[in-house]
Every structure is written in structure tokens, then in C-alpha cells.
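These notes concern the structure reproduced below.
Think of it as A, B and C in the order they're written, each chain with its own count starting at 1.
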Amino acid sequence: MDALQLTGESAWALWQKVRSEAPLIQCITNFVSMDFMANTLLAAGASPAMAHCRDEVQDFQKIASALLVNVGTLSPEWTDGMRLAAEAAIALGKPWVLDPVGAGATPFRTQTIVSLVNLRPTVIRGNASEIMAVAGAAGKTKGVDSTAEPSHALEYAKQLAKDLGCIVAISGATDLVTDGERVAKVSNGVPLLTKITAAGCSVTALITAFVCCAPSDPLLATAHALAVFGVAAEVENVRGPASLRVELLDNLYSMDKATLTSNVNLQWD
Amino acid sequence: MDALQLTGESAWALWQKVRSEAPLIQCITNFVSMDFMANTLLAAGASPAMAHCRDEVQDFQKIASALLVNVGTLSPEWTDGMRLAAEAAIALGKPWVLDPVGAGATPFRTQTIVSLVNLRPTVIRGNASEIMAVAGAAGKTKGVDSTAEPSHALEYAKQLAKDLGCIVAISGATDLVTDGERVAKVSNGVPLLTKITAAGCSVTALITAFVCCAPSDPLLATAHALAVFGVAAEVENVRGPASLRVELLDNLYSMDKATLTSNVNLQWD
Amino acid sequence: MDALQLTGESAWALWQKVRSEAPLIQCITNFVSMDFMANTLLAAGASPAMAHCRDEVQDFQKIASALLVNVGTLSPEWTDGMRLAAEAAIALGKPWVLDPVGAGATPFRTQTIVSLVNLRPTVIRGNASEIMAVAGAAGKTKGVDSTAEPSHALEYAKQLAKDLGCIVAISGATDLVTDGERVAKVSNGVPLLTKITAAGCSVTALITAFVCCAPSDPLLATAHALAVFGVAAEVENVRGPASLRVELLDNLYSMDKATLTSNVNLQWD
């Protein structure tokens, strides 16, 4: 595969690699998202393995290609498994991606997320509030500000990316992806996605699969995954969120090159 | 908003309040129901937060507007979180709603439910057997009687409502909602709903959102939520339960006033 | 009901028994599968009860008709419940079925599965790798060989079935079901099923319901359940895996005798 570029052609090429390699993605995720996340990975061509227990997460990373950690329905019993799995991924040189669900909502949650962030994920994806909370809780801001402008969140994301040497993605009407210097903008998807639970969780899992197949360029791999998921959700005349969820998964399974490349909306900021 | 009445107009007005306020409903619920429950709340206009852990349930209640507790896949680890969350809701003056899934099935389950009932929920919703078991386990009957007449269950529900100062809803072909004196009847929904797992769990979550937006009249708010969910399920020529689930969620998202008010079937007993 | 035979007529007769008796199946299963499994059982006419906690699994077996144990998202807290429930099923003379998800993937998982296998399930269902790992971990082979021929897996399955006195089912393009001597082949289903998470988990739950209604012939009951699920998945012109999942459940609810018997593909090997 050629070096990635911020184009639909490149997104397609990477997706085809995911489909042909079918990487095994170990997911430690919340209870709400498990079904939809596993089906998202399967539809898009990757292979999910949900395993969270401290007694086997390290062994599982040996056979997996990457790790997704999502802290949605957090508890101390699960935190151990998340940390051990992330350490195993790092030791084995495999990418791992963090979804800091609800960062800032409670002290327990924020502290747990900070301890995971300090293990230096390859990619962090959240909404503007969550990314600001992650940055703030790490000592760089005063806390969550859900009324902040996207551009305000972006500065925190850039600083976080620089400090950790990772990629930070902010989801929104337009997604922003940064390595601390460059910023890629992804303007795909539809507002109705916010009415489907775990849509954000699932796209983070898809990011994990894409990054896993393009380890040398996690910024563009993240942008490509966001674009693919977004285009799959751009369904006309859909009746409501449950129909959209069905069509989104079907589209991830069946989408062809022309549909993807003619709808992808990717730009450098 | 005017005082609630037992009419479709009133149900619509309350639903519009839910949609405009989008209250954050903290849900401590069973694993089976999480996805469908969260999607039900989102489709209907509320905002779900699934968080169960004793380390954060109290902090979560501070930012939530109400609490739903469902004991479906019960374990002692979760019981602590349920109790702490309910106590926090009470201390903060927020409504909390209990779904006593499987009351009467095992001693462990029944005892846990009794300890939660003693914390005085704002609303309890279950089927006839569950409501009778809740009343019986609290010392008012001899136990579950799944062959009992609905009218028999109603007397237990009334007594329970009086003793606790709460609302009790009995689900069935016709739902009955009582505060111990008045009884509202809701004759919406379809038999096929019984073939969709967690349909009852999800309507209890919807009740929580409605009660949260009409705290001064939980009886009518409960009846309105049952009617809205029931009308959303009244789909003609549906192929089976999986199609019905998709259409139900789509309807909760898109239903207009005329459809609701022309189909609501609410009466005083 | 007459003695079962390896025919569509017999599969239909047993299914009608499941539908009329609506046996209560206690399921201790992974988080990913709970929603789809419960909906599969409901659609097909059985009644699911998800209860896993050591404090009530034995009491639950008293009111259930059979037990399904699936080790997908394993943890030590759940292992106790699985073991206690299986022991209760045995003591009460009720069938119990094991789905050894991921056998061979990690030592913790394989050891847990071996300890459950030693409790002698009525039926074990897995893919070729899992069945070989179960046989191997029990001391009969050198371990998982995911590149093995189906016929290679069959010999291990036969030996396992003989040693344990149970039924072993290997899922694949053609499912093989054996009691150690006879081998029934089920050639229903579609490749797209592999893109739906928990499809295998759900068919194992359906097997539990069928075996529960034909305790004297678990081999044929297992084959019949696999055929029913497979035929329900044989949908033409389906758009993708999410649509297939909806149609599969709808078909399990509504399928008639002519559709089943004209599509069943059952043979002795």
C-alpha cells in the first residue's frame, strides 16, 4: 500500500487492506456498546474479540492485532484489565486506542481515564467536552466546558497530542484529527447519528482497525475510519435512528469504491 | 405546561417537554436491556447515562435529572450501586423509578428488591406477578401467583402504593397505574411486544423521563409514557418482532401529534 | 410426539413442541450476545431468563427447564455461577448445553472450559477450532489447529462425545453433530451469518430449547435446532448483515411448515 493521503482513494485503499487482513481487534468496552461495536467491526471487515478479564487480557493481546479501550460502564474490576491490556499492547508494539467516555462527569471516571492516558494511547477519540476534560484533568485546563467552541477544544487536543505523542480526534458535526501540528477535518456523517447509542464507541473501534493496518500514519488512518463510518451513515430518507443503524451496518458491509470516494469529505485545516 | 390530564393532548404536551429538556436519565439496568433502553430514551428525546459502579453513582446523580433502577441481571456488586444511587436521588430530591424484574423468582432477588422498595421509589413498574411478589415479600401476600386475575394484582398494587406513597404500574394487555386511590388504564400496545426482550425495561426508562419532566403528577406522567410507548408499537402488517423493534424506535423518534392523540387510549378505571 | 427422525417433518414437529411449551431457558452468557440470544429464544417460541449470579443460579434452575452456559466474556466472578448452575441442572435432571467460546485462545479460558466440560454437558457446540481445543485441552490432542480439515475436527468431536457421553456439534458451512457413533449433517444457513456477532451463541441457545423438549434424543434435537436457525437465515437478496439479523428473527417468529420442510437439508454422514 502506498503512503496514505487525505483523499477518498486513500481511504478506500486502507479499507480494502482492513477487509483483506481482517485484523483481530481486542475490545474492552462498555456493556451498552458491545453488540453494535462487534457488528460494526464485522461488517467493515475486521474481527472483534471482546475480552476484559485481568486473568486473560495479556494473553489475548498476544493473538490480537490491536486494542480498543472504552471506559463507558466503568468499574474497578474492569480498570485492572484495561491497564494490563494496554501495557501488553505497548510491550508487544501494537496500537491501542482510548475512548474516554464521560471524562469529567465524575472524579472516579476522570481519575481512571487519566491513569489510562498516562499509558500513552496511540489514538484518543472523544467529543469536545471529553477531550477538554482529558486535557484538563491532566493539568492543562480548569475542567469540562461543554459550551466551549470547537476551536477552543482543538487547542487542548493539539496540546494533548504533543504532550503524549499521540493522535487526538474530536468528534462533532465536523470531526477534527490532530497530531499536535497538522489537523485533518472530516465532514461526513449525519446529525441522526447522535440518536444511536454507541455510535461514537463503534467508530472508535473502527479507528482501531484502520490504525492497526496503517501503523506508520495513525493520523490519516483515524481520519479515514471517521470518513468511512460517516459516509456509511449518509442514508437518504431514513425513517429514524433504528432504521439508520441497520442501514449503516449494511453499508459498511457492502459499500463500493465509487460510493465511498464520491462522498468522502476530507480536508486539511 | 398546564396540569396534566388523562388525554392524548396532555401526553403530547408532556412528551414535547421531554424532547425539549432532554433530561439526563441515569440508568442502572441489566445487561440484556442496555442497548435497547438507551436507544429508546434517545429516540424519544431524553438522554441516557448508563453508570452503575458504587464509586461514581452518587456523583452521577448530581448531574442527572432522575434515576432508573432495574434488577434484571442482578449481582451483589451491583446492588450496592443501586442502593447508593437511590439514596442520592432521594437526598437530591430527584425522582427514581424501580423495575423489579423477576420479583419472586429467587429469594436473593426478592430480598434485594424488598430492600430497594423500602427506599421508596417514586414509581414501581412490573407485570402482575412481579407486583404481587413485591407486595407479598413486603409482608402483604403469600407470594407470587402468576395465575392471578389482573384485578387481584390491582388490589395489591393499590395497597403497595398507599403504604409507600408511590405510584405502582402493572403492565399487561391493559396497563393499570395507581397511586393507591385513583387508577388510570392504558390500552395501547400490541401482543407482539412480549416477543421483544427488554420492552418492559425500556418503557420503565421512558416512564422515568416523563416523571422527571412532571414531578408533581407522577401518576399521569407514568400513564402518558406507557401510552406513548404503546402507540409507537402499534404498527400494522409488521413481519415479526425484530421489524417491530426497529419501527418502534423510529416511531418514538418521528411520531407527530396527530398520530399520538388519535391513537392514545387512556381512561380512569 | 413421535420419535425424532432426521427430516424436516420431524424438525417441524419438535419446533411446534417448543412453541407450545415455551420452556424457560436459563442463560448464563456473554455480554455481547445477551440481547440477540434473548430475542432469538423469544422469536422461536421459548422463554429466556438471563441470570448469572452465584447467589441465585441454583434457585433459578429449579424454575427453569434447561441451562445454557456460554463463556464468551469470561471472568472468575461468573465462573462460579456457571459451575453452580451446571451442578444444579445435573442434580435436577435437566439438560445443560455448553458453548466453549474462544477455547484455546488463552490458558485461563481453556482451563475454565475444561472444568465445565468435566461436569458433562448434554451438548457442546463450537466451531472446529473450539471443539479441537476442548478435546486437546482435555488431553486428547496437541491444541488448537485452526487450519485443520473439518474431517480432522470430526474425529476429535467423536472421541469427545464418546468420552463424555454427550453430543458434540461442530458449526461450519455444513454443521456436523455426533454422539460419537452417528454423525448428522446440517447444510443450512448462509455465509453472511459469520458477519453477525453472537449468531453462534444464539443457535446454541436454540439448541438448548430444542433438547429440552426432546430429552431422549439430544442428537436429533441439536440437528433440528441448527436446521431451523439455518433455514431462517436463508434470505434472498438481503442487503447486509444487519438486515439479515432482522429478517432471521422475524422468520423464527413467523416461519410456516412448508417453508421449513422444503428448505431443510439434513443427512446422515
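Following the convention adopted for this analysis, contacts are C-beta pairs under 8 Å (C-beta built on N, C-alpha and C of every residue); 3 or more make two chains touch, one makes a residue touch a chain.
The model shown is predicted, which means the values in this text are computed figures rather than measured ones.
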Subunit A onto subunit B, same sequence, C-alpha superposition: rotation to the nearest 5 degrees is 120
Over half shared or under half: which fits the residue numbers at the contact of copies subunit B and subunit C, same or different?
different
Based only on mean CA positions, could you tell me how far subunit B sits from subunit C in angstrom?
34
Scan subunit C for residues touching two or more other chains and write them down.
31, 35, 77, 245-246
For subunit A, which residues are in contact with subunit C within the complex?
31, 34-35, 38-39, 42-43, 48-53, 55-56, 59-60, 63, 77, 245-254
Provide the residue numbers of subunit B that touch subunit C in the complex, in ascending order.
30-33, 35-36, 72-77, 102, 105-109, 194-198, 239-243, 245-246
